[in-house]
Each structure stands twice: as structure tokens, then as C-alpha cells.
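Both complexes below contain chain A, partnered by chain B and then by chain C.
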Partner chain A sequence: MTSSNISKQEPDGLSRRHFLKTTGALGMVAAASSASEVIFADGKKILKVRAYSDLRSMDPAFSQGVVDEEIHSCVYSKLIQYKPGRKWDYVLDAAESIEQASPTTIKFKLKAGIMFSNGYGEMTAEDVQFSYQRIIDENLKSTNKPDWGSLQEVTVDGKYEGTIVFSAPYPPAWNIALPYIVGNIVSKKAWQEAGGKVDTSTPCESGPYLHAEWQPKQRTVLRRNPQWHGGSAEFDEIHILPIDDENSAQIAYEAGDLDYTRVSLGAVGELKSNMPSHTVLEEYPSLFYVWVGMNVENETMANQNLRKAIQHAIDVPSIMQASYFGAAAPSTGIIAPGLTGNRAQGLVPPGANFAKAKEYLAAAGYADGVTVTLDVLNKAANVTTAQVIQATCAQVGITVDVNLHESGAFWSLGDSSSGERYKDIQLILNRYSMAPDPSYATAWFVTSQKGVWNWERFSDAEFDKLESAAKAEVDASKRDTMYQRMQDIMEDSGAYRFLTHEATPVVYSDAIKPAFRPDGLPLFRYFGQG
Partner chain B sequence: MLQVLKKVSAEPLGLLGLVLVVLMVASAVLAYWIAPYDPIALNIIDRLQGPSFKHLLGTDQLGRDLFSRVLFGGQVALKVAFISISIALVIGVLLGMVAGFGPKWLDSLIMLFFDTIRSFPTVMFALATVALVGPSLMTVVAVIVVTSIPTYGRVVRTQTLSIKNNEFIKAEQVMGASTARILRVHVLPNVVGPLLILASMDIPTVIALEAGLSFLGMGVKPPTPSWGSILNDGYTLIRNTPWPIVAGSIPLLLVTLGFTFLGESLRDQLDPKLRNNR
Partner chain C sequence: MFIYLLKRVSLGLVIVVFAVTLLFCMIHLVPGDPARILLGPRATPEMIAHLSAQMGLDQPMAMQILKFFGNLLRGDLGMDVITNRPVAEIVFGQLPYTLWLIGSAIVGAMLIGIPLGCYSALHRNTWFDRFSGIISVACITAPAFVVALYSLLIFAVWLKWFPAVGAGEPGDFFDQISHLVLPAIAIGISWVGYLSRLVRASMLEVMGENHIRTARAYGLPENTVVYQYALKLAVLPTVTVIGVGMGFLLSAALFTEIVFSRPGIGKLIFDSITTRNYPVVMGSVLVSTIIFVISTAVSDLINAWLDPRIRNSL
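Then we have the complex of A and B:
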């Protein structure tokens, strides 16, 4: 019996082998096409992305940082938005034009026809006035008031025209106010009807997406806004999934549950050598700053020579290898590269200098050794960093006793309103987030911040004076010099050993075309199809 | 005791348990001599290596030899287990006997104390304590002691109550024997057997609790090696290397099996009811 005879015996006239071949080929074609086409579900184009925490507020006045803003920037409009790319810049959004009219005034004109959803009408200069002034209103007690700096008022000059007036020059407005959290424009009418503020839902939107759904700790769903003034948003829906752990997020990505996620620094090496199919890995420099602080008011650490000995005993390159897998670079201060005020190099080189450390230790009166404590938040990278510090300090006779703390306990350590524990801090490994303006970094280390965020209890009259002046300095070159000098003062005090700004590695499917700020944070409103 | 051990080792599972326990204890006690490397010495160049003749279980993110860390981690685990269970046993026995033999009001007071402690979930209690006083080996021991006392105390109290009204105890009292003598000579020997079984079965639980706290960064301080902290490193590095997870898991698995088999076998030998049924 030949194979042709067999095929003739098939009831539908199709041989089994032929069927298997055909379906197999079809399957391969389907697999090949679906692997990079992850955005179609139920006939909708859905973008699935990861956020490191859940939504906390839909009100820009009470937004609690990056994740809230990632959602706000999709559903609200601002006069200007951050421009996606590797260099800090802005693009116009709701503004047709905007300019620095004088050192203390910014004039703007809104585009005509920007509509708020749910029938709240067209956006006017009055809405801008309401949105910005409510944040500086003492009665509202907005947690984000400091971002507006010296904002005095917003005057309405016409239906679409207005002027933002500052009591003193405030250059950071262009970097951390207008294109960021407090720059979101809300509907005056809608907010007044809602009682002046909203929580985790919003009465109306004006951005490319609408806030459609929030399932606590499950997901936030944004849906395309058909009325958006910028045209048609790329996706029918964006699903934002809160996943705290980066390893879990990477697993979710590899399982096809996400189209984009940030990954851990430890995963970069493995991803480079074994990249999942249809995946793109990008690495961005981060703005975060990590440092070892020393409490200058502590009895032991008040000794500046001891602080300097510790500065020279800490080997930053070893920390970069052990804790950051070589994916981050040593920092020169608290202001990251690419921002005004970044120093090309610090006063203390990144590598340890044990001979110098011993000299300072002897000068401090601890030639025979000393024991100090290092308080650390119990995250993996921190614990590893602490152990490297422990090991290198031991080489010069400094015994470092590491105290690990869970998040709640750690973040109250230096807070003088939470008890007396701040007095016991000697060394502390710390990491602060940052916005793209140097004033956002230096603001926490002035004398008035002692016991609030200034846990080193560092105090320097020149630093305080410069901090105040630099915020209002409109000359970019002078500003740059001032912030560099401030970091020199910090480092020279011995109270700081700057470690790194970390890095932001992200992976995404080649089925999408993402958009990131220069520090790697996602701008979902600009995400498109690949 | 030797007779009991002989009987335990006559059973396959008992023998396995005994061998595992002896191996774990011996490797921990002899760690200083048999560990090939200093468990806290950094060697970043050799980080994240897989198993080899040079490093039997590979190395961690700081280039430390995992085999050496596992051996020294055993010291921490056994130290915590033996110290905390011994202290809890002594206090539990004393309180249990006092509650069982003493006046009603004292019994009620001690039971209230036991119930109060038992009402806290152990892990939550441990986390709260560590958050308050900071992590250290002493904190872990203290938490285990406090949470274990009611377990032993209740067993002893029940045994004491059942013995208390026996004729021979009453006879002793009539003859003028002191309460201390009655407790020491008549009550204590009757409660020791069940307590030893209970304690041996508790050892893996205590070791797991210490490892759990260290996993959460709330146990022993770095750089002291602990099986929990090795597991935590492994969890963080799971995408880079599986060996720290393997290195941290194996001893926990073996010690749990060992003490459980040994405990069950001891129970079979020491419990008269079970022994007679065999």
C-alpha cells in the first residue's frame, strides 16, 4: 500500500501527514507572529506595564511620587511635558506657547479646544490658575507644595492666556514643576464640585487616556480618551500592574504578562548573554543618589578626622561590582551627570586609599582601631554594600557593626520627631530619589532639615546661603558653579561618602515603542506600537 | 540513655535521624577545622561561581565560599536552637510545676501569661520585637524563649496536675516532705521524657524561625553566616545562580528531617503506651 492510497482513505480527503505538516507550519507562523505581537487581546490593543507600587492618589496636590505621576501624566495635561530621550528637555502639551517673560514671570497661552471629559468643558487659563494656586494654598496642605518653590500666583490674562508669577526667580520651575507632578492641570469646576480635592478616582481627564478602573494592588486601567486634543492615543487600554519586586516583574515579563518593566541591575549581565526573544534591553543612568552619611553630632563621629578616615577606607568600585553587578558607576556627589551642578570628580577618589585612611585614623586618636555602627535598610543591595564597607574598613582598623532595619524602622531613624534614636546614628547608608533639578538634591541638607531629612545633622552657613541663592539663580553657568561648590562643602566636611546614582535597566517587547525620560522612567503617554 | 539510643538506631528512620543530627552537629562544632575558607572573607573577583573542587558549593555575590558559610551557619542555627530551647525548657518546667502544684490563683495567673503569649503569632511577635530592639542573635534567642515557654509550661502543668492527687504524693505530704522535694523527686522525673521528645521536635521549628528572620534581614547581623541569610542572597541572585539557594536549603532540609525522625523515634521509645503497643 502506498502513501497515496492511504491519503485517499482519509474521509475528508486530507492525509494525516499533510494535516500535521500544514498545522505545524501554521503553528510556527502563528507563534512567530504572536511572539512580537503581544498587545492584542479581545480585539483591543492593550499595553501591559509594570509599576513598582500601587496608585495612591489621583490628585496632583497629593500625588506621592513617580508611580502616581506615571498615571497622572497619561490622564491629565500639563503646559509642558518631559521630552522622551536621553537629554533633559521639554515639549509643549497644553501650551501653544510658553516663555520666561522675566526672571520672575512665565507667560503661557493654552491651545484652544482642549476638552475635559465628562462634560466639564474646555480648558482655560482659569483652570491653570486653579490647578497651580491650590497647591500653594496653605489650607489645602498639599504635600507637593515645595515643588512650586517661590510661586506667588497665576494671573489670568485672557481665556487662554496667563502669567505664572514668582516672588523670586525660580529656574527649577522648568524642570520639576511645570513638566512634573504639580504641573498637571485639573478642571476647576470638577474639583470644586468634588469638594476641592479627590482621592483615588478623578472626576475628569484631558490627557490621551482616561482613568477607567483601579483594582487596589491588582491593576490600574487607562482607556483611550476619544476627546484628546493630541489626536488618537496609540493603545485602547494601558494596564499598569503594581509589582514591587523586580525579579518577579522580570518573570512576569518573560511569561508574556508585561510588555515593559524595569529589571534589577543583577539581571543585566544574564539578559545580555541570554536575551529573551523579541526583547530589547536599554540601560539609562538614574538620578537616585546613594551615599554613606556620618552623623556629625554623634559623640564618636563628631571627630572630623575619623569621618575622613572612613571616607578613604570605603572602596566604591568594589561596591559597584558586588552590589550593582558592575552596571552602575561611582558618583561624584548627589547631583547626577546630565544635570546642572554635576561634578566631573569628587574630592575623595572612588577607590579606597588605606594609607590615607590610616593617617586620618591616627590623627583622630584611633590608631589602635575604633568600632562604629552602620544603619542599613534591609534590602539586598544595601546589605551587600554594608558588608563591603565592613570588609574594607576592617583593613584600616575600623570595625563596622551593621544594624539592619526594616523599612518602617529605618525611615524613622533620623527623624527627630520620632524619638531620640537619631542621636545614636553614626554611619548610615542612604538613598534618596531625585527630580531633574539640582535644587531637589541639595534642599535636604540645609540646617533647617536637621532631624527631618538631614540625618547627618550637617550644618554649614556657606552651604545654606548657596542653597538659597542657587534656587533663584537664573544664570545657568553660575548655578552650575554654586551647586558644585555645595557638594565640595558636603564632601569636605567628611560627613558624606558618595557612592552611586545607580542605573535604570529596562526591558520591553519589540512589539512596542517605548518612551523614557533620560533617567529611564517611563512616559506611558508616548508609548507606541513597534 | 545509651539503651534508648541503641533502640533508636535499630530503626531505619531513627538511625537516619540520628546520623543526620550527629552529622549536622559535628560539622557545626568542627566548622573551624573543616571549613576550607574564612566564611566572611571577601573575594569579589571569584563571585558567583558554581560548584568546583575549589568551592564545593560555589561562591556568593561577595566571593565568599558557600560551603564554609553553610558550616558556620550551622553553628548559628544550633546555638540558637540549643540555647533558646534549654532556657525555655527550664523556665517552662518551673512555671508549669508551680502552676500545677501551686494555689488556684497562681495557676490562673500563669495560664493567663501563657495564653497572652500564645495569642501572638510567633513570626509577627518576632518581627515586632526585632523592629523595636534591633536585630541580633540575642534578640532571636529571646523571642524564641518567650514564645516557647508556654508550650513546655502547659505540658508540665498537665503532667503535674495528673500526679498531684496521687496517693503517694499525699503520703509524702503527710510525712512532711517539702513541696520542692515532691516536685524534684516525684514530679520532675515524670515530665522529663515527654519534654525531651517535644524539645527535639521543636529544634527544627526554632532553626527554621531563626532562618526565616535572617532571611528577612532580622536575624543575625552581617557578616555572620546564617542559613537564612544565605537563602536571602540566593533569592536575590536566583536569576544569576541557583547555588546559594541550594546551599541554604540543603542544611535546613536535612536538619528538619534529622530532628523529626529522631524525635519520633525517641517518642516511640520513651512513651510507655506506644512502647507497649509495639
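Then we have the complex of A and C:
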């Protein structure tokens, strides 16, 4: 954590005049709610935070991403949890010890005395076995099964001891399985009594908080778990409010309705110059990756020289200024800084090179210009990005027609099972999220993903081979090289112009002490009082 | 009257069936595979096929419509495929928030707009009439989402008089009211202007009628003439407009529910359309349409109750 990415508004030094002014204003201040008062509302220590969507499932097998996991990580235990901070690491949670015993086995020993709530007893290795194996069970049809990679089974070696066995080495287990969604441990007895899976409520918990209440579209309430093995959770309650719009969330924060929220990148500049009192702004690099993809099977875009002309005609620094207000940096690929496989620089520099673009355009046979389409999801940043791309491409004679889509239509554009529309894609502005392992990013661009999530319909034998091998590579250095090479192949194909990983700006009251993953996602279980 | 009621109910049923069928066709014509969107990127083709079958999407559209109405007759709106909860439970869980919102907005607008219009008409061409005319037109032209944003900034962020988001603590009436004030103002303010202009115009027309002149000629007190004879007739168009206006208020509620992050049926429809959660879309639109049909029918009945001429023509 550096001082450069943390801004804080603190009260000025206390002079006599300032003291008198402050005292006079106290009556008004007391009448209005402030961030610190919200926390102690109703005599309880309540943390009010924002999530970008509502809860969808309390079952780790059917959890759909970040918001569910933000709740699950508070109410369930895992062998290991992500360590709060700026560097990816983990800390022990339910595990007393855990080690990579061989390339294909991980041995663990649970802490004794971890209790499930509602009388479901003590957590044992059998619960770990049940929790992990159910996700890879074909009959359950868990959408999160891929996160367990080559998991074969979990053997129970004692009441607290067990071994996680993989059919092939699977290093991502430490990054995206054990400390993430599929790493949550549930009670075998409770789940079996519930019929094998649960929906939006849970029969029992073992984390620092209990899932006390869910009011659809309104809030999720977590309440302190008196039985938690880690001691006493910091807050009596955590209220998680689903607010999809970042600007509404920022207003709610400034009104004192929230103690923490992510804010939009566009708000960062204004916040820095006019920070609400008792507020801390922090900026984290994000794991999202944004790029302009080009459909290599489209009649026009099959021309590699045209694709390369477009790569060089897109000016990424201009996009960073116009769409991200200078709060995000250009990316070098799909793997974010701090992760294995991140490239220090890409093959195509971020700045546009119009001379080179014209050369490629002439070589493509379009010296007199060409018209292409760009499909875009109708979000403000995307629309601005599309306009910048239009402007810079026009300078070399490429006319870009922008097609806006709402989310439902956009996310099925490249799906070959949903009609023929995928064939019409030429350029597409895309943004995928990822978990902190490079395999999570590259998995979508293999040949078998053509028409699924590989909308560029990119296909490269070396890439496919590397993607399969890198997942099982235990040598970190070799793995790093492999993922870098994969991004070189993607970029060299001309099918990708990498734009940015965006950023995660967050604001919080100085009355709380938050905890974040290195990508800025909140770890509510570690939130404390300031 | 009974035949009139029967006619209204039959017409209402036709409207509901037509609206729901039209919507059914529309949402199936829009691109986007619901099963794929709902399951997310990790879903295998088998999972997508399984969910499609579960949602009945593998059947012809006509069959899906018939099945929907068949289930509806049994009181079954289907299951939400995301949370696996009954759609009826979801819709009726969200409905009270929207009804409270539009109810308080329209009641507030009536309480301010009708007296304002009445007073303006009785004091025609005075400074008050002109001033209220300017204010009313300003209110009419103010879009709900603009009012919502500025009221948030002024009353929630700056003055901190009201909370910014949510619907309030369950069971805490006053907290829920405080959460209702700004959203209700946001969608009700344009109705204040609209109703005041409408009542003013109606009052001016009615006050020139023969029976009002006759009442005055008989020496009836002015208050009796105005409030017992004139106003009763002048509010007739207002009642009709409010009945039809329920549909517009449902639309305005959507923006307001998004800006204030309030639960409600508008936001439920929006979210379920975005995620192609068809059972919830169908269920919530069905309920909204029924509300609209009922409100127009009720406004017709109130008109008939207020005006013997309408009552006798039924």
C-alpha cells in the first residue's frame, strides 16, 4: 500500500476559532447522520456496505461470482482465505496446516473445534470432502466445476486430516479454488438434509457472521456468529445493500447511508479535489480486462493486415483519458499486473502509430479506406471508448460504425448456438472479469471456445497446447513464460487490441478499517472499526 | 350497474391476455439466450440445454403461451430460475413497495394539486393564479429522474434530512416513511402541476355552467356552490386522468426505484428483462397490467358514482 494511491480528507488543525466554529456547528451535525454514527445506529455496531447486485445463491456450487462470494466468505469457512493487502497471498482459515505434498496432492489438517451453527456439529475432514467433491459431481451440474480443474477426489485421513487429490498437477487450486468460491466448506449433514443443495438461504454457517436475513432487492443482513472459531467478529451486523449504479452508491455514501462503496472511475478526480469529510479514497488495480476483438472468420476481418492496421490505429492513452478519466492504465494483455504471466509490455505499443496503420491498410488492399462495425455494450465508458476508436481510426481512413446493444443482447452476440449473428461481428469491444490466476483469463480463447466465449473465433494450435500445459505447470517461472507467450500469440494474430485492466476506486469512512484483495474487492469478514 | 361491471371485467381480461401475449412474443424475439445468460460463462452446453428445458424454452412459442395461461388459471406464475423461488412470492414481495410509492405520490399530488387548481380558478388572473401557473408548468416539465437526482443531492447528501437509498427498516413505520418521501416527490411533483392545471381548467368551465349560475341566483352560499356543486364536477376528468396515469406512474416508478435503489416491481421488471429471467418478467408484467386495468375501471366507477349522468347511461 503506498501513499500515492490513498487519499484522505482529515479535519484541519484545531485552532481556537476553528474550535468555536466546530462547537457551534455540533448541534446541526448531531441532527444529521454521519458516517461514524451510522456504524453505531440503534446501539449496535452495524457496517453498511454496497454490493453491485443482489444475492443469487447461498450454495457455493451455484454461486454466481463476486457478490455471492462476498457473502459466502463471511458466513462459511475455507481452508485458506485471501490475505488482505496489495499482494496476492493467502492466510489460514479453517486449516491448521496445509501443504502441497506432491504435484498432485494437497494435504490439510483442520483446526479442532470449528462449529457449524444450528447444531450441525463440528467441522471435520468429511465435510471438506463433501463440499469439494459435490462440486465436481456431474449430477449436481455445478457451474463452478471448472474452478476445481483436475480435482479427482478428497480422501479423509483422520477426523481433521485429509488429502486433496488431483489427476494432474493443478497450481490454480491455490489461487482460484481453495480461497475462492468452490473452497467454501459446508456441512455434509445439513446439506444432505436440505436435499443436496440450497437456494437463497443456508441451513448453517461456520464463519464470523451468520446469514440472518435476505430481503430481495433490498438488503442482506449478516449477524455476528457467537460460535465463530476465530473469536468475536468486529461488527454486530453487516448490512449489504444491492445498488447496481455506482453513482447512486456514491450519493448514498455521501448521504451517510453507507460506510463503504466502490465508486466510478469518473468520480475519482472530483473526489480527490472535493473529498467528503472523514472519507478515505483508495485506488486498486483491477483484474478486469478490456480489449477490442476482431472476428478472424468474418469476410472483411479475415484480412490480417486490416486487423493490424486497426491495432495501430487505436490510441489507448486517449481512451484512458476520455473513458477512464486518467484513472486506469493501458494494459499489455489479458493478465493483470501482479499475476503470473503479466507482460511488462505488449507487441503493439499503447499509443497509435498512424503511419504504420496506413502501411498495413495499404497492404490489406484498403488504401482508399474501409468501413467496419464495432459492437458495444451500452455503458457510458464503452460508448466513449467507441467514439475515441471511431475518431482515431478515421485518421487512417477506417470508418467505424458503432452498434450499441443492451446487456442481454450483447452477451449472446458471439454465441453460435443463438443464431447467425456471430458471423456479422467485425470489431467488438469486450470486457471480461477474472479470478487471480492466469488460467482464468486464457481459458476463453482456446479453439474449443469458438462460438462460446471466443468471439474473435481465434484459433492457434500452439496457444491451445500452451493453455492446456500451463494449467498443470508447477514451475512458476516456466508458467510465467508460457502465459506471456500465449498473449504474444494472441496479439500477433491481429485479433486483439488490449486496452486496460481498469481500476477499482473505493471510498470508505475513516470510522472503519476495511480489508481488500489486491484487486480492490472487499473482504468483509476482515472489516473492522477505524 | 352489474352489466357494466361485467363488461369492464371482460374487457379487462381481454386487455390482460392481449398485453401478456404481446409481451411474450416480444421477449422471445429479442436476441439473447436466457439459459446462457442466467447460468453465466462457466455453463456447459448440457447445463444450458437442461435449463432451457426446465424453463420450457425448448417448446414452440404458442405452446409456451398456452402453458403460461394454463398455469395461471391454477394460480401458478412459475418459478424464478435464478433463486428457485415462486414468481408469485417474488412479485407480491415487491409489489407493496411500488404501490406505496405510487399511492403516496398520487395522493400527495392530489392533496396539493386539486386545492391549488381550485384556488387558482376562483382567483383567476390574480398574481397567485399566474404564479401557480408558472410553478405548475415547471413541475410538469421536470422529468422524474432529474427531480430524483437533485432531491437526493439536496435533501439527502447536503441537508441530510432524508435517507438516500433503500426502503427503510422492516417494521419501522417512520423509517419507511422517511425513505418514501424523496422517491414520492420525484414521481409525484409533475402530477401536482398537471392536476392543478387540469382542475383549474375544469373549474373555470364548470363555474360558467347554467346550473352554477342558477345556484348562485338562488342565493346559495359561495362555498356550497364551489365545493358541493362545481368541484364535484370539475374533478371528474381528474379521476379519469389519475386512473390512466397509474400506467405512467408505474413507468416513472422504475426510474425512481433505480435511482433510490428501492425494491419494487419496476426495478424487478427491469432486472429480469436484463437477465432474460422470463418467468419473473411475465409474472411482474401480468400483475402490473392487472393493476392498470383495475385502476382505470375504478376511476370509471368513481366517475359514475360522482356523476348521475354517467351512472344513468351505464
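Just so it is clear, the second predicted complex is superposed on the first by the 493 of 530 C-alpha atoms of A that agree within 3 Å, B and C clash if a C-alpha of one lies under 4 Å from a C-alpha of the other, contacts with A are read in each partner's own complex, and residues count from 1 in each chain.
As a working rule, contacts are C-beta pairs under 8 Å (C-beta built on N, C-alpha and C of every residue); 3 or more make two chains touch, one makes a residue touch a chain.
Predicted model only: the values in this text are computed from it and were never measured.
Student: Chain A superposed: clash or fit between chain B and chain C?
Tutor: fit
Student: Applying the document's definition of touch, where does A:Leu347 land relative to chain B and chain C: first, second, both, or neither?
Tutor: Touch partners of A:Leu347: none, neither chain B nor chain C.
Student: Does the superposition put A:Ala409 against chain B (first), chain C (second), both, or neither?
Tutor: both
Student: What is the contact status of A:Trp453 with respect to chain B (first) and chain C (second): first, second, both, or neither?
Tutor: After superposing on A, A:Trp453 lies in contact with chain C but is clear of chain B.
Student: When the two structures are overlaid on chain A, which partner does A:Glu270 contact: first (chain B), second (chain C), both, or neither?
Tutor: Only chain B; A:Glu270 stays clear of chain C.
Student: Determine, under the contact definition given at the top, whether A:Gly65 touches first (chain B), second (chain C), both, or neither.
Tutor: Once the two structures are laid over each other on A, A:Gly65 reaches chain C alone.
Student: Once the structures are superposed on A, label A:Ala212 by its partner contacts, choosing first (chain B), second (chain C), both or neither.
Tutor: Neither partner.
Student: Of the two partner chains, chain B (first) and chain C (second), which one does A:Asp199 touch, if any: first, second, both, or neither?
Tutor: second
Student: With the two structures laid over each other on chain A, which partner does A:Ala363 touch: chain B (first), chain C (second), both, or neither?
Tutor: Once the two structures are laid over each other on A, A:Ala363 reaches no partner at all.
Student: For chain A, which side has the bigger count of touched residues, chain B or chain C?
Tutor: C
Student: Once both complexes sit on top of each other, what is the least C-alpha distance from chain B to chain C, rounded to whole angstrom?
Tutor: It comes out at 5 Å between the closest C-alpha atoms.
Student: Which positions of chain A sit in both the chain B and the chain C interface?
Tutor: Correct list for chain A: 406, 408-409.
Student: Any idea which chain A residues touch chain B in the complex?
Tutor: Within the complex, chain A contacts chain B at residues 247, 250, 264, 266-267, 269-270, 318, 321-323, 325, 378, 380, 383-384, 386-388, 390-391, 401-406, 408-409.
Student: Which chain A residues qualify as touching chain C in the complex?
Tutor: Counting only chain A, the residues touching chain C are 32-33, 56-57, 64-65, 141, 143-147, 199-200, 215-219, 241-245, 248-249, 251-252, 254-258, 406-409, 411-413, 415, 417-419, 421, 432, 444, 453.
Student: Chain A touches which residues of chain C in the complex?
Tutor: Touch list, chain C to chain A: 30-33, 36-37, 39-43, 45-48, 50, 82-85, 90, 93-94, 152-153, 156-157, 159-160, 163-167, 170, 258-261, 263-264, 267-268, 271, 273-276.
Student: Enumerate the contact residues on chain B facing chain A in the complex.
Tutor: Residue positions touching the partner: 40, 42, 44, 47, 61-62, 127, 130-131, 134-135, 216-218, 221-223, 232-233, 235-240.
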